Amino acid sequence: METVTKLTNDLIASYAKAGGINHLDGKNLPSKRVVTALTCDLLRLLFPGFFDEKLIHSSEIKVETAALLDSLIGTLEDEIRKALEYQTPAGLAKKDITHEAHKLTVEFLGNLPRIREVLQTDVQAAFDGDPAAASKEEIIVSYPFIEAITVQRLAHELYLKNVALIPRIMSEWAHARTGMDLHPGARIGTHFFVDHCTGTVVGETAIIGNHVKLYHGVTLGAKSTAGGQQLRGKKRHPTIEDRVTIYPGATILGGETIIGAGSTIGGNVFIMDSVQPNSLVVYDGLDMRVLSKNDKNTAVDFQI
Amino acid sequence: METVTKLTNDLIASYAKAGGINHLDGKNLPSKRVVTALTCDLLRLLFPGFFDEKLIHSSEIKVETAALLDSLIGTLEDEIRKALEYQTPAGLAKKDITHEAHKLTVEFLGNLPRIREVLQTDVQAAFDGDPAAASKEEIIVSYPFIEAITVQRLAHELYLKNVALIPRIMSEWAHARTGMDLHPGARIGTHFFVDHCTGTVVGETAIIGNHVKLYHGVTLGAKSTAGGQQLRGKKRHPTIEDRVTIYPGATILGGETIIGAGSTIGGNVFIMDSVQPNSLVVYDGLDMRVLSKNDKNTAVDFQI
Amino acid sequence: METVTKLTNDLIASYAKAGGINHLDGKNLPSKRVVTALTCDLLRLLFPGFFDEKLIHSSEIKVETAALLDSLIGTLEDEIRKALEYQTPAGLAKKDITHEAHKLTVEFLGNLPRIREVLQTDVQAAFDGDPAAASKEEIIVSYPFIEAITVQRLAHELYLKNVALIPRIMSEWAHARTGMDLHPGARIGTHFFVDHCTGTVVGETAIIGNHVKLYHGVTLGAKSTAGGQQLRGKKRHPTIEDRVTIYPGATILGGETIIGAGSTIGGNVFIMDSVQPNSLVVYDGLDMRVLSKNDKNTAVDFQI
């Protein structure tokens, strides 16, 4: 017990000393656990029957939907209120926060039908773009992409309303599950598809057109963040025009970099300049060195 | 309450309008939750004592195994039946589905001893191939690879029997946990090992020989999927012959691409053509530009 | 029932035949579930108020901390004892294991204040290095990096004490959640930051200086592991000096490879040789082939 007391005292002293990584006596932050549960419920509302344990019949769907919305609306409003209290948008008076939280919640839920229409185009794009998909049901039930893009489109709505923390908690939940990091700030067109997802990163200020197909490991990133916090708000990530396909592992950087419509970017390419519409970008195969291991002069510096 | 009613009505209207992303009144789909639980139980059967909370003694193993199989067999049969009802294989009459589900379940479980023998070669390959592994126990308990390859080998059996959805639900569960996407369709030889796993993708029609070692971020993918659903069933992914090693981030595309036996593929290489046996493929180091930041003429377009 | 009996007998026979992947009658291994729960509790101790459901007030923090430590200390000691029994460090007598487990547990928990001080520099580096971060709270609550680096710094302490299995179970838990594989053995300086994390791998013998920034998909790996278990303990992974930035997808291999202080490594670069301090390494843009799809002579071997 003496040991516990000493360890406790040392930690308490450290809480006082190494500040900035405690959250004591502060404003209540939105809860990761609650935001995660809300996100799961929103997935059920957007794809009825897919994420439920039992089959839903049309005759029950109205009652089920009303019940789900009823349980969800108050909880979501609470979390949004906490986010507004934590970081109050300019021009919003303290006394109006509760009212604003209610308004934003209803607006957000009112957008679900519109989000569903866009998600329908994403499911179609996934089906059209992947011969390994046997059915749209297979896509919705098993493709990580659906979860990731749904969460991004939901989080984007809250991002546009300047709700702090919740969009990032939502998108990092999807990131952890799918390996794909779609920032809530990114503007993404219709008929979007990312195959496999793992390692793909789309930055905060990226703009993506319609009918864009990415593979895993694609980065739409910033050229340099040496400017740090001074770059906040500035467009730092690329623009991808309509009907572009980007193969696995390609890295495209910079806020002024535009990949022209209809272009195809080969795998593992590193791009920091704009590309004309209808281009095909690959590394030149001649630069690749293919050596026989049987040749004793092979002076390559790794063992085999 | 009025708000909830309006939101409900709008969503219900959207369910009618944006079709294809609802699953109402349909056939009961296999449950993600149940398939996940089954997969965990199968891992316990394949590696007895490793994924159990308490130590198992030889004297108890028969009783434990029988109990686990007994609880598992009916549940698995139910999920397989749902999959067969959802997508009935050609030539299977509706009235025979229940019988077929039972037959497939028993066959599948009967294959577990054979799968164990192959998994034993994978564990051996991991131990031989990674100096960071202190013991085989460490590999089985902590390496994501073991989970991923076990699930792939299990899902592959169901894939070969044309069971819909379940193999992909299983493999996407492993994908989410390990970051590696091994399609249930891929044919993978013995003594396989993937170090680190994250971002590695092996496509549906890939063929991998024996003693192949991959690293994370390796893609065995399709050259183009512009043909979309018309390419279903066609060999679209590469063949990797025996004793090939592929370093992190290499992307190898195309159904006719063959990496010859005994070859080594360097990191970040992008390959769309076959490579002779015993080759070493790297990008030529001379193409790399190394500049001093002290040189004011450095005309490279990114800040540091 | 007959079916279950036959399946059971076949599996039991396989347990006898395919050895090395059973853990029967062996020493009790540390429990994945318990080590995971411990890791979550340690996160709560290191960042008080961030991973708790309710807001913590300064007036309660001492009681809360003591309670958490009190519940944690015995469990951690049990797991460390199991690890020491499983793989007893040279020179430790069997009879001294219980005492050693207690000693290591207290030492480990006594290091938490020091670890907090280093983590504070990591949070600062993340905030300074990412314009997308609106606040340090956002970083601690939502960035996968914080979880990954915290777990690595904790696991590193146990690694240094030769505690088997537990460090890898901890780091693979973080790997599964964040997609980043930071080996417990790596020596990592202060003010470290990895943006996005997914796919980044840092090997067991890597050494990383202060103020180093990595992106996702970066590999600090071994040149060759063909030597297998004979390479155990040898330095196989690179050294990254102070103030180096490494862009997404770069692969750096080899135990003698040193990236000199102040250097910047471009995206997707593959490096197996040392680089002088203050260098900028990129592939030469001229080697990139940009073709117009309108040009019928485009002899590139993939369809678009």
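Read from first to last, the chains carry the letters A, B and C; within each, the first residue is number 1.
By our rule, a contact is a pair of C-beta atoms (placed from the backbone, for glycine too) under 8 Å apart; a residue touches a chain by one contact, two chains touch by 3 or more.
Not measured: the values here are computed from a predicted model.
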{"item": "Graph class of chain-chain contacts, one of line, ring, star, complete, other", "value": "complete"}
{"item": "Same-residue or different-residue interface between chain A and chain B, half as cut-off", "value": "different"}
{"item": "Whole-Å gap between the CA centroids of chain A and chain B", "value": "23"}
{"item": "Where chain A touches two or more other chains, by residue", "value": "179, 198-199, 217, 227, 249, 253, 266, 268-269, 273, 282-283, 287, 302, 304"}
{"item": "Of all residues in chain B, those that touch chain C in their complex", "value": "45-51, 53, 55-58, 61-62, 65-66, 69-70, 73, 106, 109-110, 112-113, 116-117, 119-120, 123-124, 127-138, 140-144, 177-179, 195-196, 198-199, 215-217, 223-224, 226-227, 247-249, 253-254, 266-269, 272-273, 282-283, 285, 287-294, 298, 300, 302, 304"}
{"item": "Residue ranges of chain A touching chain C (in the complex, touch as defined)", "value": "1, 3-5, 7-8, 10-15, 17-26, 28-29, 31-33, 86-87, 164-165, 168-169, 171-172, 175-176, 179-181, 183, 185, 198-199, 201, 203-204, 217, 219, 221-222, 225, 227-234, 236, 245, 249, 251, 253, 262-264, 266, 268-271, 273, 275-276, 278-284, 287, 301-304"}
